[in-house]
Amino acid sequence: MLVVMHRQATAEQIDAVVAAIRRMNLTAHPMPGATRTAIGITGNISAVDPRSLEVLPGVEELLRVTKPYKLASREMHAADTYVRLPLTPDPSPQRGEGRKTPPHPQPLSPEAGERGEEVVIGPGSFTLIAGPCSVENEEMILRTADFLVSKGVHLMRAGAFKPRSSPYSFQGMGLEGLDILARARQRTGIGVVTELMDTDNADAVEQAADIIQIGTRNMQNFSLLKRVARTSKPVLLKRGLSATLEEWLMAAEYVMAGGNYNVILCERGVRTFSDHSRNTLDLSVIPPVKHLSHLPILVDPSHGTGKRDYVPAMALAALAAGADGLLIEVHPDPDRALSDGAQSLDFAGFGRLLDSLRRLAEPLGRTIN
Amino acid sequence: MLVVMHRQATAEQIDAVVAAIRRMNLTAHPMPGATRTAIGITGNISAVDPRSLEVLPGVEELLRVTKPYKLASREMHAADTYVRLPLTPDPSPQRGEGRKTPPHPQPLSPEAGERGEEVVIGPGSFTLIAGPCSVENEEMILRTADFLVSKGVHLMRAGAFKPRSSPYSFQGMGLEGLDILARARQRTGIGVVTELMDTDNADAVEQAADIIQIGTRNMQNFSLLKRVARTSKPVLLKRGLSATLEEWLMAAEYVMAGGNYNVILCERGVRTFSDHSRNTLDLSVIPPVKHLSHLPILVDPSHGTGKRDYVPAMALAALAAGADGLLIEVHPDPDRALSDGAQSLDFAGFGRLLDSLRRLAEPLGRTIN
Amino acid sequence: MLVVMHRQATAEQIDAVVAAIRRMNLTAHPMPGATRTAIGITGNISAVDPRSLEVLPGVEELLRVTKPYKLASREMHAADTYVRLPLTPDPSPQRGEGRKTPPHPQPLSPEAGERGEEVVIGPGSFTLIAGPCSVENEEMILRTADFLVSKGVHLMRAGAFKPRSSPYSFQGMGLEGLDILARARQRTGIGVVTELMDTDNADAVEQAADIIQIGTRNMQNFSLLKRVARTSKPVLLKRGLSATLEEWLMAAEYVMAGGNYNVILCERGVRTFSDHSRNTLDLSVIPPVKHLSHLPILVDPSHGTGKRDYVPAMALAALAAGADGLLIEVHPDPDRALSDGAQSLDFAGFGRLLDSLRRLAEPLGRTIN
Amino acid sequence: MLVVMHRQATAEQIDAVVAAIRRMNLTAHPMPGATRTAIGITGNISAVDPRSLEVLPGVEELLRVTKPYKLASREMHAADTYVRLPLTPDPSPQRGEGRKTPPHPQPLSPEAGERGEEVVIGPGSFTLIAGPCSVENEEMILRTADFLVSKGVHLMRAGAFKPRSSPYSFQGMGLEGLDILARARQRTGIGVVTELMDTDNADAVEQAADIIQIGTRNMQNFSLLKRVARTSKPVLLKRGLSATLEEWLMAAEYVMAGGNYNVILCERGVRTFSDHSRNTLDLSVIPPVKHLSHLPILVDPSHGTGKRDYVPAMALAALAAGADGLLIEVHPDPDRALSDGAQSLDFAGFGRLLDSLRRLAEPLGRTIN
């Protein structure tokens, strides 16, 4: 932290700032310069409101130096985080029959469990999480799960609870949707990624999901972050529509500070003046995320662009840019989807994209999983 | 809604779009033009995903015409909404003694109740809601409440639950903070405006508050919006950091669709590239809000600017621009505040601003309350 | 300037940074802290690329402390700048008759010149510059000038050269438009504010204008800024669509560094995600401009909002927020205007706004001129 | 174009709008709907100010349908544009010896000219334009040119005229810099891409450059666009900091409407709230550019990120996303560069990136040139 004094600041004003810093049990380092004095601050400043010194007489501005996040920071944890998901179907009973959350996720498929296989999200691999925007009925979920498994995709996304900007739009199937996902998981062995919107449904979603998704609009829903910090499942944390990288990592910090270290970031487009796509997909955030944090990062090109024709180009670009995988919308019949059909690929389109991704992964030394 | 066909679209493609529209039980109005055909759509299109037609062959783009909000719209409700709060202390017992939510708010002060007085938020008046960012202890809340009452201010803001970007920052006093607010309300007769962050604390906040605040980061927390739609208290709905006017009115629509028509909008700055202030206070949203909606709108110049020196100018501008009041941070000792001290006025500064507002209100035909 | 070292930076890396700073003839102030070292830099750092140190091994980031603008800064020039325009008609001959630029502007009206009157732009007064977007013909300019003079307005805006986003739109009348403005000026004594788009027409515009306008899209047209720095007329510098306050003041610095100190800033809306108005009028920039600079600032509510119905509210708000005046579009028949009719007031609307501004100016201690 | 009437609009108001449309020699298509009437407009509406109808009584809003750009549009010109540059040194004499602009560019290298070789910018290939931010002296330009030629790169970027936000920063070597570029071109056969900042230097830059660059800050400098429309050289048009895709294509339209059809677009990052990189590189603009226009598009990852460590990832992503090439900063000694050193690669870093690009190009079916 650095306090920059005004050019006309008096010696008394400088002394007063130094004294204020000392009262905070911090160390002040005055630096007289050609035109003004700056005062460096060292010590444990995480508890200080960066703006409380700014209002003292003679202070021009206050610059923060250290990052406010710790657990999410690569400085504190140099090695990359790998989030591991065992490949075995969920043996837990259906809802209504005494479903309990196991302390550790069970392998997604029996054979894989025996062979000790798992999906690993992190550098080196490139993980695909594909599926429809929302659970619409059991048939379409099973068709999608079967298709994905046939293509070697291990994780399916689908929302049972849907955040919709209009109260008059389809709000998701709710608990019934979770049951459908559980049956698809049991039948096909596919892992389930689904969104949690509120603390009321946290137990049910934790039970149903292999990865719990926190949506864009809830990135700073701190009560919800504290709640998922106490679950046994990894958390997929989407970037807020106008979140800076620091705010995003601070949201991850909330989850990690509560004891859940399995956080997966997901870039899905930010809001800018630009109107050629639904959002502005910020692939340029990938290198700084990798520099500042050890957490894996996925990209959602479906929400990022909002148009299915633009999805494949952005999916390939995400791979080339160093992302650790994709969250991508695939639907058996996108033109009849209840939500977000315009940005969903159909099965054929997804198959073609998968081929392209595999060809591109090789020279990059990456493995699609 | 208007479907714009591609310049080279075939007659078959146009027919297919017309057929698709009819399958939705809507009416299609083809308009052949010099270079392309456009197809108007009329009927009840609120249930249609605006992008589902966009992916049909030959379609260039799809333009939406009607607004998606109804209850919040001035078209549906031409007269201005006035939110009325009776001036009488809360006669309800303290927490732990069987606190119950009265079906209608009680007058804030006994005399006012007898005289039938009330605070009215809406055009013609200019309502001040002032107070500290957070409840820090009972003494500072009582001092602030006494001060505000002495200045003729009827509503106090103060957060018991605080959304903080860092998990290591002060998170508010919680239920204890609500109790402090209830005592201040009982002693001074001041109305209480306080934030609700999650459904878990909805009953407690509804009990303590005269107005329930929904914060910026929760503007699209739809579970929370549905919950406050069922409370008996007016809702102050802050604009999201990157919310369009339409999204903001849709969030209000969530509350109103659930049966709570007493929604007060609050502009508090949006996020842009601009870095001279904490956020970019968007006073220019006031005229369009008044044009499109009948709901009252307040302005929060404290969060909007982030610096106390800039607050008075923006407070006066908000009045001149046609806002219905202010949400403004006042603290007995801002330089020692636990949060947001840098943007809080002290008592003397608030007093000076109040004088300026009163002078300015007169030629505008407005009454400060 | 402050160099923040990486947490794991070695002593050698720190020494290397200190040495690099010394090679730039600057002074290094190392500050070892609890978790990392920061190195303050003092001396004449205006010539240093702030990012050249950032790439040295062990450097985490580089924070700039001093402002890059000098002449535009209030620190260097504490007193407010007042731009003064004498009130006398331009006695210079018409174009084609040997027009010359006088070293100092002549009074705009003969009587005023005798009485030593002038328009003063700066704190205390509130200056209106009104008129049509573009010069369309002589008749409408003379009508507008007569109307404005009758209302006590001393300065008229009108573009002879128009920056249009489409090459197929009306591009302005050019030199013929300047001649029309000169005749209006001579006949009515009104001062002329008109835009210069390129160096080719600099002499002609300097001759015709009492104030030379630099448009939004040219705020960082540095060749043009250097050219107007050599003119004898004040420069009205509109803020760029996505200019930070620092960039804007640096553009003013270009003009001042070339010797022209009469710079008037003009906020006219910035580009954000927000879509309820043509641009987002950033009234919140006014207090920081006044804090950081001594230059006067006007507000253009016409471009800021893009809709005439929203103009009066923003004009009043600009006055209340502390702006030094308005640049505002007025047209004899806005619905038939060749450009920007939708955001222009008609004469009656402008008259009503003027009355409101006068009523509001009084309690603010300001004089409309 | 579509006029949407207010819900309460009267039949007279609708008739008045229809009449206004007819007075413009356009055809009106009224569409009465369940809750309101919309009026479609067909005919040649390019000359109409879209907002002039919006102010008529009863009109709610006006929606534009057709795109304002024609020559830049893929609808008007379905085939991709390929910009072709012959590979031969410029045989024209040096400046001061009667330099003339040849009507068509000469091959860049003698052998290539004999063999009829050329650089082709457009789909299928991936063209690299590399070099320092600015011409600093002859030695570094020659070293860079030799290095690039040795790597098979045919085009070098380097600025003789530099747009700098501070008047106190290095402004480029000017005409002397152009001479240095001409000598490098003659000696090595490398093609030259250099920026034109104003019409005064248009002849000199046209003479020196194989491609004339129009910088970000001049994207809407319409006088400059009209001037380069009259040159014989292709124009590289950088996207403005806050330009929408439509505005960008309209700027290209200015150049094409003046007769120069060889326009190359270049995405270089836009300005958003995001602060993790210098700008927000908008790779997602590539698919819409390819959809809406036939012009080639390059990506500048150096300005896009502002940090050399982030450049390779974004360069690879640009290739994968479908860009037609890169504009990229390479410097013999970036840490001593006079400008933008922090975002420049050194020779070794560029060599490594080139290897990666070549490996990635193959599965994409692209050829690096």
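Lettered A, B, C and D in written order, each chain numbered from 1.
Basically, contacts are C-beta pairs under 8 Å (C-beta built on N, C-alpha and C of every residue); 3 or more make two chains touch, one makes a residue touch a chain.
The structure displayed is predicted, hence computed values, not measured ones.
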{"item": "Same-residue or different-residue interface between subunit B and subunit C, half as cut-off", "value": "same"}
{"item": "Most remote chain, CA-based centroid, reference being subunit A", "value": "C"}
{"item": "Interface with more contacting C-beta pairs, comparing A-D to A-C", "value": "A-D"}
{"item": "Averaged-CA centre spacing for the pair subunit B and subunit A, given as whole angstrom", "value": "28"}
{"item": "Inter-chain centre distance, subunit A versus subunit D - centres from mean C-alpha coordinates, in Å", "value": "34"}
{"item": "Centre-to-centre distance between subunit C and subunit A (centres being mean Cα positions), rounded to whole Å", "value": "42"}
{"item": "Subunit C residues counted as touching two or more neighbouring chains", "value": "242, 271-273"}
{"item": "Contact footprint of subunit C on subunit A as seen in their complex", "value": "2, 4, 6-8, 27, 29, 31-36, 38, 40, 42-44, 63, 65-66, 75, 242, 271-273"}
{"item": "Residue ranges of subunit C in contact with subunit B within the complex", "value": "242, 244-245, 269-270, 272-277, 280-288, 291, 304-305, 307, 309-310, 313-314, 316-322, 356, 359-360, 362-364"}
{"item": "Residues of subunit C touching subunit D in the complex", "value": "46-47, 49, 51-52, 54-56, 68, 163-169, 171, 197-200, 217-218, 220-224, 226, 240-242, 247, 250, 253-254, 257-258, 271, 306, 308, 334-343"}
